[in-house]
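Each of the next two complexes has chain A plus one other chain: chain B in the first, chain C in the second.
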Partner chain A sequence: MNHIALKMLMGDRGKYLGIVMGLTFASLIMTQQPAIFLGLMSRSYSFISDVGLPDIWVMDAKVQFVDDIKPLQDTELYRVRGISGVDWAMPMYKGLLKARLVDGTFQTCNVVGLDDATLIGGPPVMMEGKLEDLRRSDGIIVDVDGARDKLGKPSPTPGGKRISLKVGDSVELNDHRAIVVGIAKVTRTFQSQSVVYTTYSRAKSYAPKERKLLSFVLVKAKPGQDLAELTRRIRATTGLAAYTRGEFISLTYEYFMHNTGIPINFGISVLLGFIVGAAIAGQTFYNCTLENLRQFGVLKAMGASNWVLLRMILLQAVLVGTIGYGLGVGLTALFGYSMRHSILAFKFPWQLLLFSGAGVSLICVFAALISILKVIRLEPAIVFKG
Partner chain B sequence: MQVKYTLPILAVTGFLFASYTVVSSNKPIPVAPAIAPPASAPFKSFIAGAGIVEPKGRNIAIGTPLSGIVKTVAVKVGDKVNAGMPLFYLDDRDTHAELTVKLADLAKAKASANEALASLKDTQSLSDLAEAVTDRRAISSEELLRRRNALLINAAKLDSAKALVQQAEAALANTQTTLARLIVQAPIDCEVLQVNIRPGEFAQAGALNTPLLVLGNMDQLHVRVDIDENDAWRFDKNSKAVAFLRGNQHFKTDLILAYVEPYVIPKKSLTGDSTEQVDTRVLQALYSFDRKQLPVYVGQQMDVFIEAKDYPGNNGSPL
Partner chain C sequence: MNPSSLAVRCQNVVKIYATGDQKVTALNGVNLDIAMGELMMLVGPSGCGKTTLISVIAGILDQDSGCCEVFGEDLLNMSNQHKLKFRARNIGFVFQAFNLLPALSAAENVSVPLIINGMKRSDAERKAITVLDQVGLGERVSALPSELSGGQQQRVAIARALVHSPKLIVCDEPTSSLDHETGCNVMALLKEVALHKDRALVIVTHDARIFDFADRIAEMDDGHIVEVKDKMTQLLKNIEHG
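Coming up: the complex of A and B.
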């Protein structure tokens, strides 16, 4: 019976390809668009996830997301340090400063100041130089994307590619001299500004004169300390906001979810993919069944039960669904792979495989259902009509 | 036939590639390690503060009583000096010239005094002669009166000349004091920590942002710890305290409280802004420690932890 089902399906090559194409297209849209969406959203909190060492971030109570800096007084660091359950607490400066390049153009960069002694919160991967080199005078570490592109030197030929910043080059940060001592790889941020790492005290001297400059206090809990309990204690004693890394990530994520149009835009794309996929695949599949209605009638007349026919249609649906799904996710992965060095945001977690799988299954179930209804209602006598 | 197998194979390949992408692209981001392990407190509940190392009796910012060009600097950084030893000399040429003038003035005043004395003697002898005449008719009363008055006038002139000598001597002493003040001396036995002037530079009298010289007693060092005023109530003079050297937590030392400055001062946050506002104040506690335990320099920062009472739960929140 299964063989007959496959024969029916693949007998008309054009229709078969049509169904598979429709499902592939639906699966591609339902995987690729959410992947871009997730990639974009993960960039909103990539700065937090890049800083792996601390457990808890302490900041002003009114901070809404990671780039919403409301600086604290320097003494707050010592107040946080004095709370029991805190293993260590380190200052971090984060702010946007203007960098003046060799050719006189200005670029806004994200300057991150790390604790002078421990340099906690540094970039995850160093491509050139060492993190310790920040101790050298006027030293900064630049992220590789920024060094290649935004902070790079102008091309000698007009319209050519910019020359990448190298270790030893100098940049002017807010009228202060800064020397590149290392190139780091960081996860791209939402605004894609180039990231400049330096020490906390140097960042303070680069930053415009303000009374408060401490952006975050990074806290490591003592081993065995309950993080929720510690964040509650920090909040109660200092009046500041304290979030675990996960909480801070979801705070930032939620801000972008609620305050930007990104989720709606991508949601509509995914929905359109689903509807178009369902329409094409469902209609073609139904057509295919209609064409083979006579065969189904013969089978029914020969005594095949409804259950057998239902299994046949389900087999057809599962087959085209699986093929379409496999091709769709494969194409998505290929798309992500070919774009891996570009500026495109792309994140492909395993949940997304399940999501698009569920979407394709839904389309197949829908397509199979209308076909099944038709076949079950079929009178065997139809074969002998006309 | 081809379509029959190609599509499923392609689909399986696609799914496998997608799975591979999922696995390979979602590797956890490596964690950047701390360059130096951060210091962590050995107490359960504690006050944390920043400490700065200073000599006992604090640093002495040497000033000059007179402004002037520096002629020579007699000490260099690291020299041990005793009280009264000269530190630097200011240009004294004009004062020396003045001294010569004053010496000449004194000589002149002395000569005038001698002259006045001679005149006095002269009028004295003339007067004596007149007084010695027994017959009053031999000398007119006018002449007698004139000689007596001349004697009185010359005596007064001598007094005046002597006063001028005294004045010249005082002026000389004044110039000599000025000369002595052009040599700046060490006030106590101590070590030279910083020299900010060089011969030929102008040394300004008065309180300066950059002191001309910094001296300090290096025999015993203190750590000055800033404690936030919000934490000051938790501070106990008898509790234990530990200091860690920045950059290497293995250098640590127990601290012994020397004294607490009873006046809570505004915290200095050096933003360099002229309209800087101060809104937090700090209690300063001074601790002494064994110098041999740490390779520490004056002016270096330390992370200090002082054992203290815990916050009394949530109700103790100041906010």
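Coming up: the complex of A and C.
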């Protein structure tokens, strides 16, 4: 009876395509929106994951996420260095400063100050120049997107493209001269500001004069150290917060999950995709069954059992579900691939396949179920009705 | 009549349809015997219960009281599973509206009863083609119903009703959707290929022009069998009137 089920399903091309398209749509939304969501959420902590070397981040106990800077006194650095099990500890400055561009306009930049001697915590990829060039006087490294866009020089023709900031160009950071010595590539974060790297001491001189300017202490544990044990020791000795990189990432991630509208917004679009997909596909599938009801009645009269008809409908649902799911997931992958160089956030872990697969299955089961109920209740005597 | 040569025995069959609080008595104590090898026609005014009666006889509708035995088996007291098997083996259907599956070719349509009976698809289609040949459609085995004329579709339906060699074939208005000549051809075909000593045919019809094909005609009115006429009384009547 399987081939009969498939022929019945595809007998009406229009309806068949409608069902498959509904499921494709649902599967696309249920894969693509979460992928964008995951991509976006990973931006919340990409600054942390970009800083590869340290095992532990030490900061003020009240810090809630990576951009929530509550500065420490420089002396904290030496206290951390004194704790047993710490191999090294380096200062990091992170803060928003105003840059004055050549045309006199101002742009806020995310300035990161790295330990003068070791430059630990620098950008993950250098595109022009070297990290060591930061040691040259007034040297800064600018992220490529910022250099191209926000910090770029105005176009000579009105409305034209800005001219990219290049190595050797200068800007003013809080009235201090700064010279671009390198261009780096950094992973996008939520903050749209351009990222500017410089040394810790220079960052302090750029920043407004305050008593406390140390944002983070980056710690490397001695080999063989238990990180959980070490963070506990740092907390106990200094009264500061100390997190392993993973912990700091989840702290930040959780903060954005609970304190922003992002999850709920994406949750709603996923739900809408599910509902609309279920409505279109479920409706069309059910309509298809209704239209074929007489045929099911004939089969029933001729002695086909409910079980056989149920299997036929399930097979139809599995077929359209598989095709729709495959197309939706494929389109999502294609979408992600074609957007790989764009500003769009996109992350497609394999678990997402299970998620949207479960969603599509749910729709198909629902569509099949209402159809099956109809067919099971069907009286075979309808076959003689005109 | 020898009971073992009976195909159908209806005794005091009552069927009441209840829709809301309205009740319609469609069959009001029907008594009817149909013999093996017989072509029985059921005639009567619209709404008198003809379709209801053949639905009960074919085992697709349960009566409310009375007994209907088909080949000696009481349909009402059969388990569902048994009844499905019984229908699949023993009953062939022909409908006014043909009721072919539109997405299946002629041969596939005809093979359906065999597949329901558990035959392999390839064997079933081979058998279907030989039966289509018998009804004169050997050339159109792969045509879809929409590519066939009404008469041809009804011949496919007849092939489908015959293919699994059922012992009872029920037809509801098999010629009503066809013009007179095609209708007569279809009846002649039915009589020729479907009727033999181990099989009975029940045909519901309005169509007076095909009465000649009947062995006996049961006249119904208002849920009863009013009169059963056989060939002899018919002939006599014709002579009287003639």
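Throughout what follows, the second predicted complex is superposed on the first by the 381 of 386 C-alpha atoms of A that agree within 3 Å, B and C clash if a C-alpha of one lies under 4 Å from a C-alpha of the other, contacts with A are read in each partner's own complex, and residues count from 1 in each chain.
Going forward, a contact is a pair of C-beta atoms (placed from the backbone, for glycine too) under 8 Å apart; a residue touches a chain by one contact, two chains touch by 3 or more.
Fair warning: this is a prediction, and the values are worked out from it, not measured in the lab.
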Next item on the list: Applying the touch criterion given at the start, work out whether A:L362 contacts chain B, chain C, both or neither, answering first, second, both or neither.
Entry: neither
Next item on the list: Give one of first, second, both or neither to describe whether A:A301 is in contact with chain B, with chain C, with both, or with none.
Entry: second
Check: Thinking of the overlay built on chain A, is A:M1 touched by chain B (first), by chain C (second), by both, or by neither?
Finding: second
Next item on the list: Identify the partner contact of A:M10: answer first if only chain B is touched, second if only chain C is, both if each is, neither if none is.
Entry: both
Notebook entry, point to check: Can A:L314 be said to touch chain B (first), chain C (second), both, or neither?
Noted result: neither
Check: Once the shared chain is lined up, is A:A381 touching chain B (first), chain C (second), both, or neither of them?
Finding: second
Note to self: Quick check for you: in the superposed arrangement, does A:Y325 touch first (chain B), second (chain C), both or neither?
What the structure shows: first
Checklist line | Footprint overlap on chain A, comparing chain B with chain C | finding: 10
Margin query: Could you list, by residue number, the parts of chain B that touch chain A in their complex?
Written below: 3-4, 7-8, 10-22, 25-26, 29-41, 44-50, 226, 228, 230-231, 234, 246-247, 267, 269, 271-273, 276-277, 279-280, 282, 308, 310-311, 313-314, 316-319
Note to self: Quick check on the complex: what are the chain C residues that touch chain A?
What the structure shows: 51, 54-55, 58, 60-61, 81, 84-89, 91, 93, 95-97, 99, 101-104, 108, 112-113, 115-117, 121, 172
Check: How about chain A: which of its residues touch chain C in the complex?
Finding: 1, 3-4, 7-8, 10-12, 294-295, 298-305, 308, 379-381, 383-386
Next item on the list: Note which residues of chain A are touching chain B in the complex, please.
Entry: 10, 13, 16-17, 20, 31, 49-53, 73-75, 78-79, 81-84, 87-90, 115-125, 131-132, 187, 209-211, 213, 220, 222, 232-233, 236-239, 322-334, 336-337, 346-350, 352-353
